[in-house]
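Shared between the two complexes below is chain A, which pairs with chain B and chain C, respectively.
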Partner chain A sequence: MGVNSETMNEEIIEVNIAKDFTLTPGARYRTDGKFSGEEFYEDVLKARIDEVWSKDNSKLIVYLDGTYGYASSFLSEVSIRIVKDFIDKKKILEKINFVSEKDPLIVEAIVKFINETP
Partner chain B sequence: MKLPKVSIVYLLLTLLFGISIGVVGNDLPYVIFKRDISIPDVINFFIYIFGILYINNKISNNRVEKDILIEMCNRLSDEVSESKKLIDEFVTTTSVKAIKKLASQIISKMTDIRNAIATLESSCKDSKKIDDNISSLISAIKDDNFNYFKTSTQNLAGKKPKITPEDYNMAKEHAYQQTIKASRLKLMINNQ
Partner chain C sequence: MRKLTEERKQFLIRYARRKHLHEIKRRLVRKRKRLSKIPIKKIENRNKKFLDDPKKVEHFVSKAPNILSLTSDPDSVISYFRQAKKSLSKKVPVFFDLKDVTLMGPETFTYFIALITENDYVNTTPIQGNIPDDLKIREMFKRAGFYKYVIPDKRFRDVDVDPLGTLIHIKTRNVVEPELAGNICSSAMKHTFNTDNFLDQNFYTILIECMANTRNHSNYGELGEVYDWWLLAYKETDTKITKFCFLDLGVGIFQSLLTKYAEDSLVERLKQAVVPSNNRKTLEKIFQGKRETSTTLPGRGYGLNFIYKLVKEDQTIKKFTILSNNIIANIGYNMVDSIKTNKHNFRGTMFYWELTPKL
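This part shows the complex of A and B:
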């Protein structure tokens, strides 16, 4: 197998929104209803980011496929909360890989949300 | 089947016309082809024939490629128009059940639009039809699409889905910009 040592030493944590959270992501805040961006960040994502943040060779992969689609408020809230807590945008984009094979432009949208966050 | 009756005069006139053409034609010099053909002439002949076939094939492939890309631009415009119709229907509907259904249809349609843009962009890259102008126009479409997605879906997934009048007007403008730019892209691809 052509796996190099760097890949072998790399710790990868995965989050699949459709499997680990919901098929129907909701709006921005918990007060807006179930499965909000705030709920996803606080209950699922934050702990995983904490896990990879301080380790050199670790990454978080967030799979976006499999849901019925995302409202911009969900993605915007998740992005805002990540930047608010972890601050370093460059490191955020290095540490967290958002992946979507079925909707590749949504990944670009998330990167824009992260970069737009003051 | 009954044949039409032809007057004997017309038959005689046709016969006379034929004889006169034969007489005149007989006085014209014959066309004689040279029997000795040189090898360079034969080579030239085939080069011309294959050259024409090659150029014809290339032009036709190029046309097909352009038509495919133009069709993708049309698909993008159609998806944007459909999403706009859904948004219009959403803002005029009063039934809560219908509003929730339309909200999820709009969110799903946004994915279709993004996919139309992604397919168009990758096809332009694959067919090498992408120059700086086309590339920057596709980037501008992506920016409009991002703003369209942002404004039209930011209040759609909550308990009470809504599109504010301000968001509606902005979404309308972003939809229009995407359609206009898709049309400009078609022209640019066609003129390549």
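This part shows the complex of A and C:
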């Protein structure tokens, strides 16, 4: 799992999808095939978010680079699941940083999915 | 009683639908057998004779036009295969005469194989044929695995491990095959750009979106219970171009949107009866980023728009074509989008593109 690092003020937990999950992300549900958004959220991401959620000075950084690419259904399923379980969108966007230097549009898409989820 | 989660509910709905469709299919097969006028034994003998020597049996010769290309002339290809289908529906054997074809791309080749290996198309009637005289097309037939699919008694495997130059036929409940897509990407990058770096490409996402699209739009409302797609990543040795074709023979994008709308809303159903649907406009809306989906669930209906954005920003993806129902669209980097309406309906969805070396 990701490297934990602590700065003076806040604890940062990192998840690197390429290293911690797969190089080849799939589609939405487990029933769609391997490495789905549902699988990533349930097996990798949820526990990490739980860790940072209740602590005041902690943040989760999700590194998206290094994989072959992401389908819209993968990204939207992860976003929807986060909102469903953690509800507070503002806090979600404060606590979780999605990072992609290669393609910032992916990050934009995730933020859009989070904001669109009722 | 335990409350059903939304996912569980959706899963149960999908399961019930699959079961229901399977039962309808079984009933149809039984009915077809019951109503068959020609004795089965007689049909079997005739089929055997036809496969041994087509001249001995009355059959239909389906002469292909010189240009047999789904990307440049979809109407004539659709009408060509439709004509053959008419004979096959009447249990008349068909001889596909492709001898004089001078233009045929990997996309039409894939479509041809998908059709002649589909039970609904051939209707348990034997088919025979020849291959084009054109040497380049002949090479494609050979390298793309034509003989593996057409030689009787040689059943092909569902997934082929060689991801390039060989037709891959997937018949699986898991419609999305990320590892296979990854292998294909790496091989294509090696062939076209001579690099092992798979990061600098967009077409992995396109492949996954295509596979997911099959689940969303191919078999909806049809009698099939498994999802089928075909993929060919054909490497041209002389040009270094990798030609991709992704195909399913489902109901097509626009038809599935209509079916779903019709099921959900009475107003939409009435509207459909009065105002004919404009698939061209629907696709334009999708390209513009307006969500076109049947479901009210969030995060749905972005797949095609994702593909559109990726293709528009990638200089190495050329001749990107979407063919579905009566629509053919061409999009690409630095080019004006072209969306045309065809005369004939293409049953299913086809994506085609060429990965070209950087200049």
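We adopt the following convention: the second predicted complex is superposed on the first by the 111 of 118 C-alpha atoms of A that agree within 3 Å, B and C clash if a C-alpha of one lies under 4 Å from a C-alpha of the other, contacts with A are read in each partner's own complex, and residues count from 1 in each chain.
Assume a contact is a pair of C-beta atoms (placed from the backbone, for glycine too) under 8 Å apart; a residue touches a chain by one contact, two chains touch by 3 or more.
Keep in mind that this is a model prediction, so the values were computed, not measured.
Residue contacts after overlaying the shared chain place A:Val44 against neither chain B nor chain C.
In the superposition on chain A, A:Thr22 contacts chain C only, with no contact to chain B. Contacts of A:Pro104 after superposition on the shared chain: chain B is touched, whereas chain C is not.
Of the two partner chains placed by the overlay, neither chain B nor chain C lies in contact with A:Leu93. In the superposed pair of complexes, A:Tyr68 makes contact with chain B and with chain C alike. Applying the stated contact rule after C-alpha superposition, one finds that A:Gly33 touches each of chain B and chain C. For chain A, the partner that touches more of its residues is C, with chain B and chain C as the two candidates.
Applying the stated contact rule after C-alpha superposition, one finds that A:Ser76 touches each of chain B and chain C.
Once the two complexes are overlaid on chain A, the chain A residues touched by chain B in the first and by chain C in the second are 25-28, 32-33, 68-74, 76, 102, 105, 109. For chain C in complex with chain A, the residues that touch the partner chain are 7, 11, 14, 172-179, 181-182, 185, 198-199, 201-202, 204-205, 208-209, 211-212, 215, 298-300, 302-303, 305-306, 309. Chain contact summary for the complex, chain A toward chain C: residues 22-29, 31-36, 65-66, 68-74, 76-77, 79-80, 102, 105, 109, 113, 116-118. Chain A meets chain B in the complex at residues 25-28, 32-33, 68-74, 76, 102-106, 108-109, 112.
Within the complex, the chain B residues that touch chain A are 104, 107-108, 110-111, 114-115, 117-118, 142, 145-146, 149-151, 153-159.
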